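A short write-up of the structure that comes next.
Going by the order they are written in, the chains are A, B, C, D, E and F; count residues from 1 in each one.
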Amino acid sequence: MDDDAMRRFPVPDLDDLPEDLRERIEEETERAGFTPNVFAGFAYKPSHWRAFFDYHDALVDDTTLERHEVEMIIVAVSGVNHCYYCNVAHGALLRIYAKDPLLADQLVANYRTADIPEKHKTMLDVAVKLTETPVEVGEDDLQKLRDAGFSEEEVWDIGAVSSFFNLSNRMAMFADMRPNEEFHTLGREPHDD
Amino acid sequence: MDDDAMRRFPVPDLDDLPEDLRERIEEETERAGFTPNVFAGFAYKPSHWRAFFDYHDALVDDTTLERHEVEMIIVAVSGVNHCYYCNVAHGALLRIYAKDPLLADQLVANYRTADIPEKHKTMLDVAVKLTETPVEVGEDDLQKLRDAGFSEEEVWDIGAVSSFFNLSNRMAMFADMRPNEEFHTLGREPHDD
Amino acid sequence: MDDDAMRRFPVPDLDDLPEDLRERIEEETERAGFTPNVFAGFAYKPSHWRAFFDYHDALVDDTTLERHEVEMIIVAVSGVNHCYYCNVAHGALLRIYAKDPLLADQLVANYRTADIPEKHKTMLDVAVKLTETPVEVGEDDLQKLRDAGFSEEEVWDIGAVSSFFNLSNRMAMFADMRPNEEFHTLGREPHDD
Amino acid sequence: MDDDAMRRFPVPDLDDLPEDLRERIEEETERAGFTPNVFAGFAYKPSHWRAFFDYHDALVDDTTLERHEVEMIIVAVSGVNHCYYCNVAHGALLRIYAKDPLLADQLVANYRTADIPEKHKTMLDVAVKLTETPVEVGEDDLQKLRDAGFSEEEVWDIGAVSSFFNLSNRMAMFADMRPNEEFHTLGREPHDD
Amino acid sequence: MDDDAMRRFPVPDLDDLPEDLRERIEEETERAGFTPNVFAGFAYKPSHWRAFFDYHDALVDDTTLERHEVEMIIVAVSGVNHCYYCNVAHGALLRIYAKDPLLADQLVANYRTADIPEKHKTMLDVAVKLTETPVEVGEDDLQKLRDAGFSEEEVWDIGAVSSFFNLSNRMAMFADMRPNEEFHTLGREPHDD
Amino acid sequence: MDDDAMRRFPVPDLDDLPEDLRERIEEETERAGFTPNVFAGFAYKPSHWRAFFDYHDALVDDTTLERHEVEMIIVAVSGVNHCYYCNVAHGALLRIYAKDPLLADQLVANYRTADIPEKHKTMLDVAVKLTETPVEVGEDDLQKLRDAGFSEEEVWDIGAVSSFFNLSNRMAMFADMRPNEEFHTLGREPHDD
């Protein structure tokens, strides 16, 4: 794992990690071709590593939101919070899942400029409001999500993903996690479909 | 479980919940004398319930921070985020763990007014900064924590608790979770030690 | 009077105060069972003490707003300004006048979560806007108050109470006034009516 | 009195006012050559009129701060709060008391640009901080005032004037009080001393 | 040229300036009766002087907006940015072009209080929003300008003037440019039309 | 020129443009291999086009700042202002001039995370402060730039570039200018030096 995965805490050796962490990290490394630095960074504290990735997995696995919708929320929230790690790493995931080489740069800058349907604008309106001024989020905001066509449980999930990345952004910023160089370019080639 | 535990999503029946949720909820109910509404609220989605409480348990169980230090961070962060549920429920926990009937009201209002040692002022300076302006948190903030006497891993934990309650506050505010009436008064009687 | 009534200026002895201050303070002490610290704190400067309480008395005595409506404005404004003294002392008064043990904690955190009629939501919308962004308060805000059923003079009074507690909060925060311990628990027992 | 003294409440007739208001207003009119609109505006509610001007008089009469120091605080606070009435009316008073035709325009814009001694910069640093972020005002701010040469009671007075104009600005903005045309030009001629 | 035209960079001698600068400055001095300090300040760097005044001239010369409309935008933007130089210098120009001795003080304080038609309120709504929160400016804001009666090109010009004075304010504040004393009083005498 | 170069005003045909615009645009197109959309967008109004690019050219041509230093300021300012066009277009220029494929993504997110020398941190501290809170920029900020090794004229230039892009960002956001697709990927390949 990259010693420079984060700057404010030491990055452990893969060999010193508990079995379950090592297995998952090897699996991710296999899949991506490199070890995403968030796996290396959180490994500083295995109990937090497990909690973090279990929560993450619940959010992306147990939902009827499309994966690219989840990543849209993440990148819009991270853009507003100014999180370098999440902008770049989830920007790459968004380009891949949405098959759109431009969308991530739009959401990092200002989701209002993005080339997305009205339904997703509404989704990001609420995600960003919950990030910036949670005190003002009201029943009317949830109603807008329902009116846009999201199911009740999807409304919950939109709130949950937005909330989780308010944790995630802060941990990445607190520890100064650094995105792998690969993330900067992944998914930038144009798609044909 | 209280139907009014949260206002924007339906609260499930205890009997309809998976075994593992039911057991833990019954245990908590036994201990507290009532079911804290956050357990009822998150049960709307069992996969998130598990992820949320596992993360919470990792934060309070696997740390050398004292439990009242953890609750101080939680209440200061929740005060800044204006989270009604967390102010009141964790305010009660703080009164109990710190054996201090006044501290929670101080932290909800303005942690700078609290009757706490310099070390804890520094801890809350960083927790609140990570909450309000994470983009400005720097190595010098972490150094202040080390200089105040916190170990490297405790510094991580302070960041982790602060980050997690930026998730927790947002979920409680998004779902409009309501603190149990009991929390408003718990731990308000003066202590003798 | 409590030496710890405020932290940044000396608290005078009751015996050294002018006759009119002493009489009123003894009267208040009689009524409450203790001397509210704001009376002790402002006594540092008798001319300001008189001006402050005369203004306060005009606001609560010469109005057709109910006293619990006045206290609702005070606690919502103080919550937004993060004033420890006023949150706690007027929180107690609100619990007593509104005969509601929960309302103060709701308003301190976020008035939007409070269990109150629409009319009072509108009242607090304007009080909080006048506190946070007075530059944006317009004729339309006053019209909303009139539409909610407040008389012209009550509209004035809502503005006046909100404005006065923007003074009061700042003096309490500047001098670091400390709420009496009694205020933390007063009015927290449930009501039957 | 000018019907256009304020825009959101009716301005009463001088003849309909209680004796004590009428006398003072006539006195002020005599002195200034016109009736300052704040006297007309507050007369809407005589009990508040009395409370407001008594408080104001205590602030300017019972202090060892120079009158132009008091007006400097008022204009800097009003500039930050964007209060049209107070910028203009107290801008005129400041020009007269400070015998400086430029200072008011400097303080309305940005007190940091003003041609004033370091002692007054410190005074306005605290006045503006208490206006914008009272939650952050600490003992160190009061110490800076003491170090700059202000007596303990003057420190109190600086806090008191700043706080009072956070009331005053809000009432003027709420009622949309309009400065008399005379105030725009008073004291703009250069001085010789 | 006034040595005190700006405080943070040296003001060059008129005689040392390139021919084209000198000619224009002499022309302006002729017209105004004094050399406006912005001409002296920008002369520190002739290439920027030319760029700045060419841009300025394009904005005021190639537009169907009335000159007093242009100056209204400038003063409202400068008021929000708290720019001492622009408040005072363009305040004077606005008084002259609008033949209104009060309007500049209204716009410096809070454009919402100004005695102007609805069309100009809308114009300033957009100018101030583009200044304070450009990230939120949307197609609907431009539509409001069109609905208010501005032509497509005038909409562009409103955006352009607002944007340019976000440059201009910052340069004046960075260099601490000082308005000429004459600007404080120009145009303050009442008009008869 | 791309019809989609901006969304809120029509993009003119190259053939309809005045000679001087056409020549420069053909030159730029030659050099870049495509017409950067800002040239197409500003061509809506030729007088503004000329003013804008003349100012831009003065900033990058008449300075002893390195071109990559200029682009660092631009990208940091644009990141803070959330300008999609400038983030992406100047991000590409920065990658090319700095021969650094990662720096632009760092500056867009949070310049404090960037891998740059202390001197450039100081430069961006001031550029971002002048962008976000110009009212607070003081002589001490300019002194920090001098202490970091910038000449007096370079200090001016840092202020000037920061100010100009507060104009540029706002025009791009007002007109909804869209970065050419090429900008998203330019300069992302690693360098060898």
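Quick notes on this structure:
Everything that follows uses one rule, which is that contacts are C-beta pairs under 8 Å (C-beta built on N, C-alpha and C of every residue); 3 or more make two chains touch, one makes a residue touch a chain.
Since this is a predicted model, take the numbers as computed values, not measurements.
Each chain gets a centre from the mean of its Cα atoms; the one farthest from the centre of chain C is F. In the CA-based superposition of chain A onto chain F, the rotation angle is 180 degrees, rounded to steps of 5.
Counting every residue number used by either copy at the chain D-chain E contact, over half are found in both chains. Each chain gets a centre from the mean of its Cα atoms; the one farthest from the centre of chain D is A.
Centre-to-centre separation between chain D and chain F, using Cα means, comes to 44 Å. Chain centres here are Cα means. That of chain E falls 24 Å from that of chain F.
One finds 51 Å separating the Cα centroids of chain B and chain E. Looking at chain D, one finds that residues 82-83, 110, 135, 173, 176 touch two or more other chains.
Chain contact topology: the protein chains form a pattern that is neither a line, a ring, a star nor a complete graph. Of all possible chain pairings, those that touch are A-B, A-C, A-E, A-F, B-C, B-D, B-F, C-D, C-E, D-E, D-F, E-F. Those residues of chain F whose C-beta lies close enough to touch chain D in the complex are 135-136, 138. Partner chain A is touched in their complex by these residues of chain C: 110, 112. Those residues of chain F lying in contact with chain A across their complex are 79, 82-84, 87-88, 101-102, 105-106, 108-110, 113, 173, 176, 179, 181, 184-185, 188, 190.
Put simply, chain B touches chain A in their complex at residues 7-9, 44-45, 47-48, 50-52, 54-55, 58-59, 61-62, 81-83, 130-131, 134-135, 137, 139, 142, 152-153, 156, 159-160, 162-164, 166-171, 173-176.
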